[in-house]
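In the two complexes below, chain A is the common chain; its partner is chain B in one and chain C in the other.
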Partner chain A sequence: MKHLGLPGVFLENDTRRQRLWVILPLLLVLAPHAARLPIWISLAWLACAGLSLFAAERGRPPVGGVGKAVLALGGAAGVLLQFGTVIGPAGGVALLVFLSGAKLLEMNSARDRMGLLFVGVFLLVAHFLDAQSLFTAAYMALAAVALVAGLMLATKPAAVALAETRGHLALAARLLAQALPLALLLFVLFPRLPGPLWGLPQQTAGKSGLSERMAPGDISQLILSDELAFRAEFADARLESRQLYWRGPVLWDYDGRAWGNSAPVSARPPDFEARAPPTGVAVTLEPHQRRWLFLPGAPSRLPATPPSTLASDLQWLAREPLRQRLRYELEVYLDYRLQPRLDAASRARGLALPAEGDQRARQLASAWREAATDDAAIVEQALGWFGAEAFHYTLNPPQLGASAVDDFLFGTRRGFCEHYASAFVFLMRAAGVPARVVTGYQGGELNQLGNYWIVRGRDAHAWAEVWLPERGWMRVDPTAAVAPERVERGLNAALPAAERPAALVALQGGWLRPLRLGLDLLNSRWNEWVLGYNQERQRRFLAGLHPLLASLQGMLIALIVVAAAALLLLAVRLYRRPPESRDRAARAYERFCRRLARLDLRRTPAEGARDFAVRAAAARPDLAADIDAITRRYVALRYGPAGADRLGELEAAVRAFRPTRHGP
Partner chain B sequence: MHPALARALDQINGIVLGKDTQVRLCLACLLARGHLLIEDVPGVGKTTLAHALARTLGLDFHRIQFTSDLLPADILGAAVYDRESGQFSFHPGPIFAQVILADEINRASPKAQSALLEAMEEGQVSVEGETRPLPAPFFVIATQNPGDQIGAFPLPESQLDRFLLRIRLGFPERRAERALLRGEDRRDLLAQLAPMLTPAEFVEQQRVARAVHVSDALLDYLQALIAASRADSRFIAGLSPRAGLGLLRASQAWAYLEGRDFAQPEDVQAVLPALVAHRLFPAVGVSRPGEDWAARILLEVAIP
Partner chain C sequence: MAARALPYLPWRKPRVESGPLRLTARRLYILPTRAGLVFGVLLLGLLVGAINYGVSLAYLFTFWFAGLAIVGMPHTQRNLSGLTLRAGAVAPVFAGESAVYSLHADNADGRVRRGISLHHPLGVGEARDIPAGGSANLELRLPQARRGWHAPGRFSIHSEFPLGLFRCWSVLELDWGVLVYPAPATDALPFPRGEADAGEDAAPRAEGAEFAGLRGYQPGDPPRRIAWKAVARGGRELLTKQFAGAAPRGLWLDWRLAPERDMEARLSRLTRWVLDAHATGLPFGLRLPGREIPQSAGEAHLRACLEALAREGGH
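Now for the complex of A and B:
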């Protein structure tokens, strides 16, 4: 570095380091964006960053005015072509990312660096439009530390920038940590708007889940997914896995191949009578782009949000497809009698079969009909038959021919829950027992840490319901007759060892399990308390603290009062009381200074003790001797080679020093 | 303090009138074994002060007038062919003295400057492949005109850092100037000056000054000042570790001249402006010189 007396010349060498401290925080911020951006934007950004670093050594701008204009217009045109717009959460962010890269090429002053880093702050927040997980938040906190450190370094001269990098990172982390209480306060007390915290439409689509049609093989695809379906927490009952049949789509009509609903189900409220008191359940449902809401039984009353309807067959449907995570809490009857009196239309629909096909199954069913005294006996007969014959539970069943039911029952005999449910319902209808297929989830994993159930894609299930006189629709699970482990202990227990998905096995057992469950608990609480902290939840939480807090005015007043009080306290602490020294001599001297301060003789922090003594003695000649003696002792103790044994003298002298406001 | 040092101060103050603080800083600088740079416009007594210092301390003294055509050999000396003995013999240059007065050092070319500055750092010179030690003590008292004067080669930062203190004399105040006008010719007075110490005594005084006690509390303050210089964005860089060490030594010497056997914050405050003046370079767009900074920072950095 050479000082040539020309402005700017000696700074040129080191701007590379300074540029690095803009580029690195930005890189941290942009890395997660890269997954959502077209690749050419990421590449262009990296190229600009590299060029900027390279050019820093040259000391002249790498791109001229025309080049910059071409770059900016080209980028905007590219974004417009790709997204159709240059505003909004997709196009706007893309354009901003691109332009931040272009700006790297004309980064010359502290002002440019700060501007870029502030754009980085905006882009950091823009992540929340796409992801709100706990992991995202933690990553963003890290990136924020880097950004703040970058902002601090942006104004520093180059030589300082490197020497104190670590110090600045630590300082940035400390600053952000200090801001945390205020942020928390705002989070808790700032009045929420009605609606979700992140009011933007989700852009994820095509997520796997249950559907309104069930053909053989559908569910076994879903079952391979480890994706979370929902979490559920029961208020009291110590329920077991086999009791939990989460009802989803109810399928009435069979076309010889697949089950579905050719006509809408009657929207009349369901007719059921409870046989045991209800239990409270809270479900946090992940967005699945469909309308089903899952319940392990019959609800006592529907919650106000979301707007929904309950069909007569206990299908619970939201009015809108679920695009955001939803939490609902309600009371549910696990033991109930559904539709004890069946109307003629439902009965007909529950008995309908294709005109022909699957003759052997029909013959088997009519044989049962002739032998049986009533419908219940037929059900018993069928379940016994499934248990006795050589059926296998497998995720990889062979292909079935045109007569799917016959092929399965008398041919392959290898299948998965949908095969069993489908064949069973077919047999029941053929035997004259009204029946239908119900799909949903069965069981789940109990997380003992938080005492809630985790239900995933692999818990998807299909079972049957038959209607019996007086008893109404009864749940019958033919899969349980073949592979009871599936219902008792979940999928893995039921599958033959060779078929268990490797990833599932690794996650299920061993030392990873507590870790995984702990992480899931964290995520669940995050969803519940941070992302799910909406207007209703805020009202409820604050009203629990104090009734006055439930109103909007109450919240705002509390927010202002608490924030003001906290800041005031902090200000008083910072200004009123300088930190006390650890050195005893210094403490005694500070006491001495405080006593003089009462006489309006204030020592400035940078004033040497000797200088102050001279000044104070001149102002109060009557105290000169005391001031001189104390100062002499203090200076000797603090700066001189004298031992600490004279400390007592200083402390005694300070204690005895009681100056009055007006001298004699 | 040794009484001889007090007498030395008095004597120099009798020649350079009304500049007590600067004279004391000069002496502190030499006591701390540092080289001294005196910068000011021509005619305010730079050379007179340097003369008076050397004479009073009883040191062997050479003056080198730096000009733009001065060569390293003019400073260091050269081997000259001796016709009688038929051999080359070394004729030592003016640098072989205990005090060198390098007058108007920034008028010489960088080549000549660096010949001197190398000697300052090493305490020896290498001429014709032979290393020759310089006498001890060895001081350079350099004077220079302000950098913006025509025909000046400003010293590079790395070389400025080798001068412990840089002082400015400034115009005398009215009363001192009257005494100057009324008094005898300074040159005659200089000639009459008697040495107050022997070189050996002065070396001993340097040793005693270095033994002045420095407490942890004082080092805390010193480091707070250095840190403040490094955190200030108006300068290209803060004070170097060498500058920090110099600050400590100069403070000790100042304390010793004050008659104390320990250093206190006031000593640091007394020497700081002269120490940073030639070491802190304002960043682009900042016109505030180092001395102003020192004055401000001394008000801002609390004494721990």
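Now for the complex of A and C:
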């Protein structure tokens, strides 16, 4: 213990160094787990590791048989209390981590050490249940190198010198590099199954995202988050930010405070007319634990996966909440006419308002109705009014009183998209124009490197839809009337300089931007090709290589072919005769000896080259000159001063030496 | 590590070989170790998990570790393949001791061969590394119970490097062996009297033996004759007490003069006497049934006598 401060001396102990090569790789693997584990497990593990290292001098383990049993049972009980179970992804991993820590106290045999490292392999792979980013993969690849090096050192009966461990790390890296092609082939060809064999892990809910209710302040929480919502790639590259309204939840009912849906919307398929050819779009949606899927327009046809329904108000819902990253591809009409004939029920719901409250807004709306010739004129009038009056776009609006709409329209006049959308729809309904609130995302950041849009929490938006005769439901964005920059150039441009979130400013511009976009592209491709390599994508990718590969039989045949090729390669490697000698001169001389052996002139193992030459020359005087010349060159090369230029002469002489079986 | 059986293909029985031999693929076997099988089961479990949870990276890393095991296989084989082996000299031992068989391994390659050991049903040698372009002696310590010439029979050269998931081995039999001298009798008896007394009762006079001095310890000296007092006084080497009961000139160590009845016990007695006589430096001769070694002295004479004792009776 007195060597604590001197790592060099501390590691002079053989057992300690040997243990270190189990503890270090495990520590690398377990470090990322620590974030999800109860702190007491991490601390117990570290304590066991420390105890194991410090007690290395003593022959027997620091904890006896009873102690071990108490430790294991105590850990199991603790995990059971904390997780409610000791099996399954969370509880099982926690228990395994704890037990691996306890096992650190007892690892004198090679078998103990290998067992621990195998547990390390298991926990390494188990971590991918929690995180699968590119960074995680790279980190775990490094951890794998350490694990493999540990495995090499674990089988040794004694610890190796510190300097030698570097060689083992290099060999571990080389082995893993050699294994990678095989791993990739298996990864591509191993048939993916559509569903789970048993239950799926319970993901923790409560991620940020849109909600099915919109009360003032809800979206501003989301806007401050920089979290990725989804990425989208359009077949048509010429789209602009202001054209992109990603439609999410559609809200019909207002209770005087918040917008929501008090009753389900009609599940009839939407009735729309396309006014321009559709464009293809592929969306990779991050899991948000809710059911909605986002659409930039009206879909021509819904994709088969995920199972979903499209309501009459173009609200698209998956059957199950999204717990995993999802990619969907479809064709959408960006220019369309939605529900040109409005049914009575929808019309009534689109006009409904609370019985009373917000009287000034109602009066303003009636004034517009009286002055206007048709509904479209009322919409124009309202947008003009928002533009002309002193409204401000801000993420820090003052509190609103009991009459939220009146307070906002005639009092504070400061707010952001949800205030404007909410007030606008209220005014429209009060004026007798059917209207509703639509929430979703607007715009996004175009990554020109990969030509796709990155849509984040801060692109969350709310706008209005009004129904006009003949023209159907029309999108109206009152925010754009107040702060056109929001729609043209994103949130940051619309906010007053003092209010721009620091993180957003740093991310949005500056010299880091190309780097950040490049990284995002890499992540996007990673998600698409590695993490999103599911049954459907595999079929499509393999069909692109060869149509036969797209079926299960094709994949199995390909797997068998790959396995056979690998085995063949292996067999060739295993059976290849190791080179007799690495020395070219010796090889040439061996060839010469083989040719003489065909004449029954065999060099005995103990015979020197010169003695052999004398004997051979005596037996075949006709070859004496050649034998002598070759032997002299060889002896000069082997034992004389270095001269690589003579090597060619020797090799040429041996090549030319073709003795016949019977001399003249 | 427990000694294990030496499996080989029945139609490719190892022959007794002499001279240097090269380990080529034809004579190497490779199979997973127990740890390798456990690793296989672990990978299977991980694959099932990857399928169930649909985790792409779990697939990738599971396949990566599987590839690692497969790639490790030729590495294990290459660790042995191409070595040239030569039987080294084996020093004679007394019965009851362990003989150290040493196998000289030449590595003509430019890479280090690691963790190579010899296995025999009676014992396992220590694992050694063979440096690139160099050589090393692989050792096998086998206990020798009986005197005579003993060939160790089949043994295997064995390696699990690098990963310990595969074991590569070759079963060999070399024409080497060890000469095992009889175990020297543990109690000291004075040398037999001369020829004249041969027929009489050659009662041992152990008690009457006179202390004749100390000499250096030799393997086979009984512990009770070690001069422990000299050791206790701080002597660095062990010394053996010498007793000169009667050391007549022209000492003949005759098997018939040994007091024991059993032939093996007599040989042990004679071995003791030979060692003691050699230690005194006086010339002595050895008579065995059907064989007589004339009186002489010196190391070569000692070896000749011990060999005659070891091989007595056609052993």
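In this text, the second predicted complex is superposed on the first by the 553 of 664 C-alpha atoms of A that agree within 3 Å, B and C clash if a C-alpha of one lies under 4 Å from a C-alpha of the other, contacts with A are read in each partner's own complex, and residues count from 1 in each chain.
Everything that follows uses one rule, which is that contacts are C-beta pairs under 8 Å (C-beta built on N, C-alpha and C of every residue); 3 or more make two chains touch, one makes a residue touch a chain.
Since the structure is predicted, the reported quantities are computational estimates derived from the model, not experimental observations.
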Taking the superposition on A as described, I'd like to know which of chain B and chain C A:137 touches: first, second, both or neither.
second
Practice problem: Considering only touches as defined above, state whether A:515 meets chain B (first), chain C (second), both or neither. | Solution: neither
Request  = Look at A:533 in the shared chain and tell me whether it touches chain B only, chain C only, both, or neither; answer first, second, both or neither.
outcome  = second
Classify the contacts of A:70 with the two partner chains as first (chain B alone), second (chain C alone), both, or neither.
-> neither
- Query: Once the shared chain is lined up, is A:155 touching chain B (first), chain C (second), both, or neither of them?
  - Reply: both
Item to complete: Once the structures are superposed on A, label A:377 by its partner contacts, choosing first (chain B), second (chain C), both or neither.
Response: neither
Just chain B (first), just chain C (second), both, or neither: which does A:605 touch?
both
Next on the checklist: With both complexes superposed on chain A, which partner does A:402 reach: first (chain B), second (chain C), both or neither?
Outcome noted: neither
Across chain A, the partner (chain B or chain C) reaching more residues is C
Both chain B and chain C touch chain A at residues 155-157, 578, 581, 605
Residue set of chain B touching chain A in the complex reads 154, 156-157, 213, 215, 217-218, 230-231, 233, 235-238, 261-266, 269, 281, 283-285, 298-304
Per the touch rule, the chain A residues reaching chain C in their complex are 89, 110-111, 114-115, 118, 121-122, 124-126, 128-129, 132, 136-137, 140, 144, 148, 151-152, 154-157, 171, 175-176, 178-184, 186-187, 190, 192-193, 196-198, 200-201, 324, 530-534, 566, 570, 573-579, 581-582, 605
Counting only contacts in the complex, chain C reaches chain A at residues 19-20, 22, 24-26, 28, 30, 35, 38-39, 42, 45-46, 48-68, 70-75, 77-78, 81-82, 108-110, 115, 126-127, 160-164
Chain B partner, complex, touching residues on chain A are 1-3, 5, 7-8, 10-11, 155-157, 159-160, 163-164, 578, 581, 583, 586, 604-611, 635-636, 638-641
